[in-house]
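Same chain, two partners: chain A is paired with chain B first, then with chain C.
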Partner chain A sequence: MHALHRKTRWQVAWMVLPAILTLLFFSLYPLLYSLALSLSDSQLARPFRAFVAFKNYSDAIADSLFRSSIELTFIYAFGVTLIETAIGFGLALLLNQESGASRFARTLGLLPFITPPVAIAAIWRLIYDPSSGLLNHYLVGSGILEQNVAFLGVPGLALASIMLVDIWQWTPFVFLLSLAVLAGLPHEPYEAAAVDGANPWQQFVHITLPLCLPGVLIIAILRLIGAMKVFDLVFMLTFGGPGSSTQVSSFYIYKVAFQQFKTGYASAMTIILIVVLTILVTLLIGLYRRAQQRFGP
Partner chain B sequence: MKGETRTLLKLSRVLAAAVLLSACAAPVAPATPVVREVEVTREVIREVVATPTPAAAKPFEGQSINVLTIQPHAVATRALARWFEEETGARVQVLVVPYANVTEKAILDVTSGAGEYDVIEIWYPMLGNLVEGGVLEDLTQWWEENREALQFDDFVPSIAEPYTLINGRRWALPYDGDTHLLFYNREILDRFGVKPPTTWAEYREVCKTITEQGKSEGIYGCAIMGAKAPIILLSTFVNRLQGYGAAFFDQNGKPAINSPEAVAALEELVNQLPYALPDPKAVAFDEALAGFTTGKVGMMEFWTDLGQMSDNPEQSKIMGKWGAVPMPKGEGPNAASRPALNAGFALGISTLAQNKPLAYEFLKFVGRPDINVRVNTIVGGLDPTRKSTFDAEAYRKHVTPELADAAKAALSGAFAWPTNAKWPELQDILTENVAEALAGTKTPKQALDDTQAKWLEILGR
Partner chain C sequence: MTEHTLRPTVYQRLKLSAQLVRTSMHVVRWAIVGLLLAFTLIPLIFMLTTSLKSPIEIRVSGNLFPTEGIFWVNWERAFRNVPLPSYLLNSLIVGIVSTIMTLLVALPASYAFVRFRTGGRFLPSWILGTYIAPPIVISIPVFMLMRTAGLIDRPFGLALAHMVANLPVATWMLMDFIRTVPAEIEEAAQIDGASPWGVLVRIVAPLILPGLVATAIICLILSWNEFLFALVLTYSIRSQTFPIGISEFQGEHGLQFGEISAAALTGILPMYILAMFFQRYLIHGLTRGGIK
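So, the complex of A and B:
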């Protein structure tokens, strides 16, 4: 019996080995290659010219542009995640009922999510145009603004403008996943609460919110990881400007790798970013586990 | 349970085998229609004639090369490919990429060993980096062998060197001779009682006058391209830099980007921003072109093909209402109106070219004087690289004699960007700091001092 069980385990191991090897090759190999590049003086055309140990890492930590890019990335990622989670979950609560209107609203709400990111950036570039854009036209026309504003040309405002596009694009994603979380809530607590005389607000605060918390946390974590990697919107809308006010980490690393051609240095920055993200995600997963233990089924 | 486990195991074995076999199988070709050429042999009986004349076989029939080109030159390169095929029988596959990605594509093609490209389009400031990276074939001998036949001395001298020469060796063939002129809308300038400027201070005043009076109607005195892409932002800066008599490096090759003249040039640019089409920091090619060709902008510095675009009824509302003058000059003892070689492209041969003889033939074809005229007289064509093209009747008729003369004068003695191997990094640092100056987060002096310090560190001086 014991021998048969051992034999079965070996058979299973052999069967999944090709899939594991493929996964390892496509995920580990690029990581190890980047790690090797980061320890060398590498250019795009001449990789591994010389071993420089941790010089690229110390240069990256001393690089004020890299440090400010990480700061900007955190501001961006946390900002959009908080807003998208709040709006997406709120919309899911409102539209979590079967009616024609809510079904129509749900379909309409998906449009930003299914539109290609480059198309979204191109459209918003036109919307934000300071001389003939839609946004200025309506804001000035309605008297909210006195004169046209260069949404993508003012430091500070440019980052907020890109964040708005991100929120417009990704809130439907949060909304969809929140709907799934709400659909998975058990009915029994609500029935018991109704029997005990709890009103809808009390049910929402004491039942809905706690039960949804683990699911919403996971959605927020997923969204945060995605937002930390933002690139396409910055590339299309501002190219990191004005100045360096929208130069997030991924964009700065792209510039160093493909405009300065310093692939060794870019790899070091990438590894640092991976470490930072890993620490962040680990902390957040810990938060999720605690929420799961406290409020999960 | 045991039976179910055995069945599950059997299924798993079958699945795993299938995965393994599919991983080992040859890659599946993309689902595109497969066209097979079918050769049909038929016996044809001809009458015997006294002197039969067989059709001349095209010399490179059945052969092909791949040419990497940038999106703005897709039309021109495809036209060249077609003409080359008509003449030689060879097929030229034109592969188009955005201009910002052409250098990295060329480098990665060689470093990865893919060897997909035979002929590569090169943005000339990247030439040194490409040569150092071993991406380009040394064309020195080819130049010497073809110098007389292809009249290489006819190339505009100020283009021939920076576009092709590194360390005394030739690495490319001039392809697109880019420079900037100052274009203006005659109607707008006449309406506001101003004339095309000859100095940058005059430019600022003209721009200010028109904007202050015309802004309520959506008319601005000038469009300044300040979007944070090196080819855009630095072209704008360099137009002022050379006008003030400044340079990137001094005569000894030491960085001189924070000279008083350079600082004055950047200060002038920053002072012009408030009067330009909003917002200069977000204005790239499309926004500037749209502003000028729809009659919303009085002046704009742009490449010489703006003339053709302004006379194109499909995209312009200002046909025949524009003019072009040389770049203004700055102030100071070294100030001069000296155009800059902004953008500018050449063609090289990849060291991993699959068909080098044919690649050389293509370069020979493109390098012909008559082809230079031909490709510069089609809609969507290039900018001339030869002196003779500027004098050719067909070209002068195509762009107007005024523009042909202005462009020829602009290219002669033009200010070239550096082409050394470190330039990509130096350029990116300069772009970063000039962008900060435009955004107001650094003063012009601070921006250029920071650039100078970083350049000295990189160049080890």
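So, the complex of A and C:
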């Protein structure tokens, strides 16, 4: 902005000091500590029993449960992100005009986002219940299903059922953010297109979609990062089961660290997870930058 | 001649069909909102009706509404079997303390990042980058750190963890709000001899007050809903929060869905009321901070 006086510079340094301390204690230190733990034979109560070099890492890579947990996390995160972005953005396009319907939808859209996942998972568990659940009651009652289904008890189906709860919780959030993207679109290209005689469909494909792409990508990336963290829904709905068919990475690491107390091994898995996620997010942000250069304002 | 007489009718037909399209779009729009409404509200309504059903009916029927009359027994048991008020009080303490701490750390830092480019691109990127890591990743070292500091099973320890978790969200939102303040206003104050802190407290903070409120409410909600740190860092009624209370129902009493529903509603309601009061701020804050 302008040259800072020495006194001013000190004041500004004080402004960022709490943030820097927080980062040192809760970001840098945890990372270094995890790295150290991951190279050791460690238990929760007795860390650093022996130095084992990369044994934890080779064990993790050979651990089929860990590999499948990463796979499940990716299926889950990409699945819900695609569906939530498609529905949320689609709804925003439909309800973009200021109308009673859109105002109503906006208010409603806040509810799922502020509902504690643990509380909502509890009621979805009853909705999915094989003997007295709401879903079976109405699907069997209307003849869509022939007999009761254990939505959370069948491998494959269980993960999809958890994903539906995620979709319930986050689609309205995507919808709200998509409305903001649409509200930020410039008017000029539409006026020019109207002069050129472009029909609404052409306007949508050639103006709206490209202009929205960067904003929608950011929303999708936010959702993807959030979905990669899934833990509470799994904890409440299936506890990783049946078998290990819904055991996502966060849940598996939690079990290894805090139920089997193998913190050294769990730390190696967290380091691998953080590397995988950092690569993924870096790639996606690169994609976003390219979209912005091409279509952005 | 025919052309002349035809023109108005074509025009009228077009006008009529445009009107038809507009009306049908209106209907389609409300139909979609209706579906959305049903999908969003049915789980919440089911939660309410389940809490009012008799425990026997809950076990045998998945009907949305109670058919055997309304019972309050689930509500009584929910409060009797589990120390619900303590969980809620802990949630409130942790939520408020962590929100205040988050703002105290994030607001000055965001201001310095935006106006003085402190730390260049590196420091803000680092803070925002921490959002990528799932909480489980830092839960082991943070557990060890808290144990060393004697903060396991203390509301303050959990609040500290929530501050760390919410810092990137708050920083992102606040940086965006601060960018909307014209630099000229601040420069004028600086010429008058105000220090950076003075400008932040007396000029910038009041100007972005709606954004500040939105950020605070979102931090409060995120803390109120947070589960993993609460699970790892607390183990007794001294500091366990509401989400842990809900999961306790499953552990100790089998699957008492009526009680869980009553308890869940008790914890959801304060947040809904809060969101209702600050709805405008919330939508504004979410949509501004989320996109730019």
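The criterion applied here is as follows: the second predicted complex is superposed on the first by the 276 of 297 C-alpha atoms of A that agree within 3 Å, B and C clash if a C-alpha of one lies under 4 Å from a C-alpha of the other, contacts with A are read in each partner's own complex, and residues count from 1 in each chain.
One rule holds in what follows: a contact is a pair of C-beta atoms (placed from the backbone, for glycine too) under 8 Å apart; a residue touches a chain by one contact, two chains touch by 3 or more.
This structure is a prediction, so every number in the text was calculated from the model and none was measured.
Within the superposed three-chain model, A:22 lies in touch with chain B and with chain C [touch as defined at top].
Residue contacts after overlaying the shared chain place A:259 against chain B, while chain C stays out of touching range. A simple residue count on chain A separates chain B from chain C, and the partner touching more is C.
Of the two partner chains placed by the overlay, only chain C lies in contact with A:273; chain B stays clear of it.
When both complexes are overlaid on chain A, the residue A:199 reaches neither chain B nor chain C. When the shared chain is aligned, chain B and chain C each come close enough to touch A:11. After overlaying the two complexes on the shared chain, residue contacts for A:152 are found with chain B alone; chain C is out of touch. Shared-chain residue A:238: touches chain B; no touch with chain C. In the superposed pair of complexes, A:43 makes contact with chain B only, with no contact to chain C.
Of the two partner chains, neither chain B nor chain C is touched by A:293. On chain A, the surface patch touched by chain B in one complex and by chain C in the other comprises residues 8, 11-12, 14-16, 18-19, 22, 44, 47, 129, 131-132, 258. On the side of chain A, the complex with chain C involves touching residues 1-2, 4, 7-8, 11-16, 18-20, 22-23, 25-27, 29-31, 33-34, 37, 44, 47, 91, 94-95, 99, 101-102, 104-120, 122-127, 129, 131-138, 168, 172-173, 176-177, 179-181, 183-184, 215, 218-219, 222, 225, 228-229, 231-232, 235-236, 249-250, 253-254, 257-258, 263, 266-267, 270, 273-274, 277-278, 281.
By the touch criterion given at the top, residues 8, 11-12, 14-16, 18-19, 22, 43-47, 65, 128-132, 148, 150, 152-155, 238-245, 255-256, 258-262 of chain A touch chain B in their complex.
The touching residues of chain B, counted against chain A in their complex, run 5, 9, 12-13, 15-16, 19-20, 23, 101, 104, 107-108, 110-111, 129-130, 132-135, 218, 220, 227-230, 277-282, 287, 291, 296, 424-425, 427-428, 432, 435-436, 438-442. Chain C makes touch with chain A in their complex at residues 26, 28-30, 32-33, 36-37, 39-44, 46-47, 50, 58-64, 104-106, 108-109, 111-113, 115-119, 123, 126-127, 130-145, 163-164, 167, 171, 183, 187, 195-197, 200, 221, 224-225, 227-228, 231-232, 242-243, 246-247, 249-250, 255, 257, 260-261, 264-265, 267-268, 271-272, 275, 279, 282-283, 286-288, 290-291.
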